[in-house]
Amino acid sequence: MTFFFEVFVSGLMVGIMYSLVALGFTLIFKASGVFNMAQGAMSLFASLALYGFLEQFFHFPFWLAFLCTVGVMTIIAYIIVFVILKPLVARPPLMLFMATFGVMYLLEGFGQSIYGTQAKGLEIGIPDNVYEVAGILISTFDLFFAVIAAALVGGLAWFFQKTRNGRALRAVSDDHEAALSVGIPLLKAWYLTWVIAGLVATVAGVAWGTRIGVQFSLSLIALKALPVLIIGGIDSIPGVIIAGLIVGAGENLGEVFIGPYVGGGIQTFFPYLMALAILYFKPFGLFGKEIVERV
Amino acid sequence: MNEQKEPLLRAENITITFGGLKALNNVSLEIYPGEIMAIIGPNGAGKTTMLNVINGFYKPDEGSIFFEGKKRSKDLKPNQIAAQGIARTFQNLALFKGMSTLGNIMVGRTMKMHSNPFSQGLYWGFSQKEEIEHRKKVEEIIDFLQIANIRRTPASMLPYGLQKRVELARALAAEPKLLLLDEPMAGMNLEEKEDIARFVLDANEELGYTIALIEHDMGVVMDICDRIVVLDFGNKIAEGTPAEVKATPEVIKAYLGTAE
Amino acid sequence: MFYRECATYKDNYASDMAIFPIPLDRWGFIFMLFLAFIVVPLFASEYLVTNIIVPFYCFALSAFGLNVLAGYAGQVSIGHAAFMAVGSYASFILYGRYGIPLIPSILGGGVIAAIVGTFFGLPSLRIKGFYLAISTLASQFLIEWIIVHWQWVSGGVYGTIEAPDMFIFGWAIDTSVKKYYLVLFILVLLMTFGKNLVRGQLGRNWMAIRDVDYAAEIIGVNLYRDKLIAFSVSTFYAGVAGSLITLCYVGVANIEEFNVMVSFALMGMIIIGGLGTILGSFLGAGFFVMLPIAINHGLGAFMEVVKPDILSNTESIIFGGLIVFFLIVEPYGMARLWHTIKEKMRLWPFPY
């Protein structure tokens, strides 16, 4: 029984880290109605940049490297919004989605051109011990990031619900034109959103980079986060958290308990199966906003 | 003037609520074959909702729809309801922007076309004959509505008035028993309105279509409609010929407070 | 001036609705066929034919399939490459293991891919938009897993099957020219079929579903049925394309050839080429196949040997940059650009 809980809890931890990645998607979707296919690539680029500041080109202490990375991601956010999204303001959301496709290729290409393609280890000084809590083994590493992720998610939830800027961003995502007509500066809203998403991508990039090393497959972690998105609802922050936990736990439990019977390796698609099952009953995810077309 | 006949469509005690707001409250109405009927009322009265219920987009919480005397089963999908003979235009224009005028109207023929995908891919025999046959029919409608010169124009490039006309053509292409028009003249100038009014009358008199329309222009409504149903805040507040409705105090109160 | 529609008058609907109503277009197409069937095999180098043109044809076929689903019917799918894999493995098994004749095996691979594709298209009945797009990834990952883990399919340890030697009625298809003709033959057949399909009522219904699905429903379009048909047609083309590319180019059926990055690339192809157009499927596929070669030659002017990772990174940058460029400047892709040029040619040398 303890084994079950161990698998379950470690699944939850991984799940929070998925939530972290999914959070970036949700933010951008919530605030600009755009589904950002490039979120994973942003995480990759962020962790590459961090590595660059830490080891490859400079040898900054962690806090400085982190700040510089955030700075770099802010610049990238500005470039993306100014060069790519601004000309596409009036176009349908599907087109913006495809534009982020292009951004994904661009970031991957540039990132690996500048920093090279070998996998790099990211050491940021987090202890990797194992504690025993109520008979279950928990790694401090996982715990550390779980706490960070929870803090980030909590902070963002507060931001969207309670602050003026947050509310403005929510208005923007509902209807670009309506938001403009009440005086919300659309472009500024988009800059803000993408910068925040960049920050989230950075944290996610650090978390996962430390876990699996900084390499191309980091951008594919985003693909794991996608089921989290559709289970929770693309535009719901609480949904992202809960869905992340569900996916993380489900994936782990599935792999450990069902996996051996079918040959293993089911983590890749198991979350998607869960998503399909849930979407059947709730086509907009557990907490997603239902889009009702006004006929 | 057709009260002796059986109604083509009967809505009985329709009630539908959206999240606390009662959009339609126990509304009943009939549409008789061969007539032009108008549903009017202030904004938000539930007119479009009524059409949506007739089309099958919304399932009423209470009440039923009877079409040609038969009660409509609860689980019919909108395209099955369309196949029974109901076609519609939309308030906010629902043209297929990715196609030309001709393409849009040809989609209207979809219920009458029966060749399977495989034979369509071969474009041979039955499939080809069918395409040509329906193209002929569509051209008749294009002539009727005088849109021949824009038949190849992409729908997205048409001026608003012509877009509305194309949407009307698409609905006519389905050769429905009942034609529902949601504000067919919205946003048009006087000349365009007269054109559409003429087309609606022609469709009714020459081609024999039964038409129910939602419209805000009272002049048009009074001129071309046989009967009127008035809705306000989800309730039916009046029904009858234009003259009768015009004189009903509730209608006057709901609309203006002063007589029109 | 010298172009297009002068003195081409139609006196019946049949000729108005022909595929190439304008004689110049018709001649242009015949010329393309001439190039493909006669000029290329005679004059192109073996390298060109095997490594560029054959993959180009196969990707064009697959891109067309995706275009049917995403461009015409509006159902975004980012797991398309998995169905190429299904077709590839299925045809290998049919031909290599069960001895079914070659061409039926190839088409059979497509049919099996279509059956699987229809199954994975079922979610489209309930789910829309981005939710649907993400769930198409389920097909990508699930199919990948099944192929690798299901021994009956994959046979070998790494899920790879060697391409069997090909024979049609005892006639060996072993030279690159013969393989080229095989691919070309199937390409022309299927693209003609596809062109008719998208021009007809089904194609119009698809575009109606894409543009305003409730209006399509209200005019009698059966959304469920037509969406599923879109999935089956699109995955059929993917399956045949996958089978052809492994038989005539790669040489082995290997799931790695059809991973999620290929699915993304296919999406990129139809965006750049032109959504909802046949020409676009060709242009996008051609672009995708030519890009690494163009870069190789371009950079090769500056450096001796282009390292593979520089090559792939430059590819990514240009691919991504072009996707963005086209979306901003010409969202309907290269195909629309081509049409605009042709339109200008109607009136040239007059400006309007």
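Things to note:
Lettered A, B and C in written order, each chain numbered from 1.
Rule of thumb we're sticking to: contacts are C-beta pairs under 8 Å (C-beta built on N, C-alpha and C of every residue); 3 or more make two chains touch, one makes a residue touch a chain.
These numbers come from a predicted model, not from an experiment.
For the pairs B-C and A-C, the larger set of C-beta contacts lies at A-C. The greatest centre-to-centre gap from chain A, using C-alpha centroids, is found for B. Centroid to centroid, with C-alpha atoms defining each point, chain A and chain B lie 47 Å apart. Centroid to centroid, with C-alpha atoms defining each point, chain B and chain C lie 40 Å apart. Taking each chain's centre as the average of its CA atoms, chain A and chain C sit 32 Å apart. Under the contact definition stated at the top, the residues of chain A that touch 2 or more other chains are 295.
Contacts with at least two other chains are made by residues 214 of chain C.
Within chain B, contacts with two or more other chains are made by residues 57, 90, 94.
By the touch criterion given at the top, residues 55, 57, 77-79, 82-83, 87-88, 90, 94-99, 103, 106-111, 113, 115, 117, 120-123, 127-128, 131-132, 135-136, 139, 170-171, 174 of chain B touch chain C in their complex.
Across the interface of their complex, chain C is touched by residues 29, 35, 83-84, 87-88, 91, 94-95, 97-99, 101-110, 112-113, 116-117, 220, 223, 226-227, 229-230, 234, 262-266, 268-269, 272-273, 275-276, 279-280, 283-285, 288, 291, 293, 295 of chain A.
Within the complex formed with chain B, the chain C residues making contact are 13-14, 17, 193-194, 196-197, 199-202, 204-205, 207-208, 210-212, 214-223, 229, 233, 276.
Residues of chain C touching chain A in their complex: 76, 123, 126-131, 133-135, 137-138, 141-142, 144-145, 148-149, 214, 260, 264, 267-268, 271, 309-310, 313-324, 327-328, 331.
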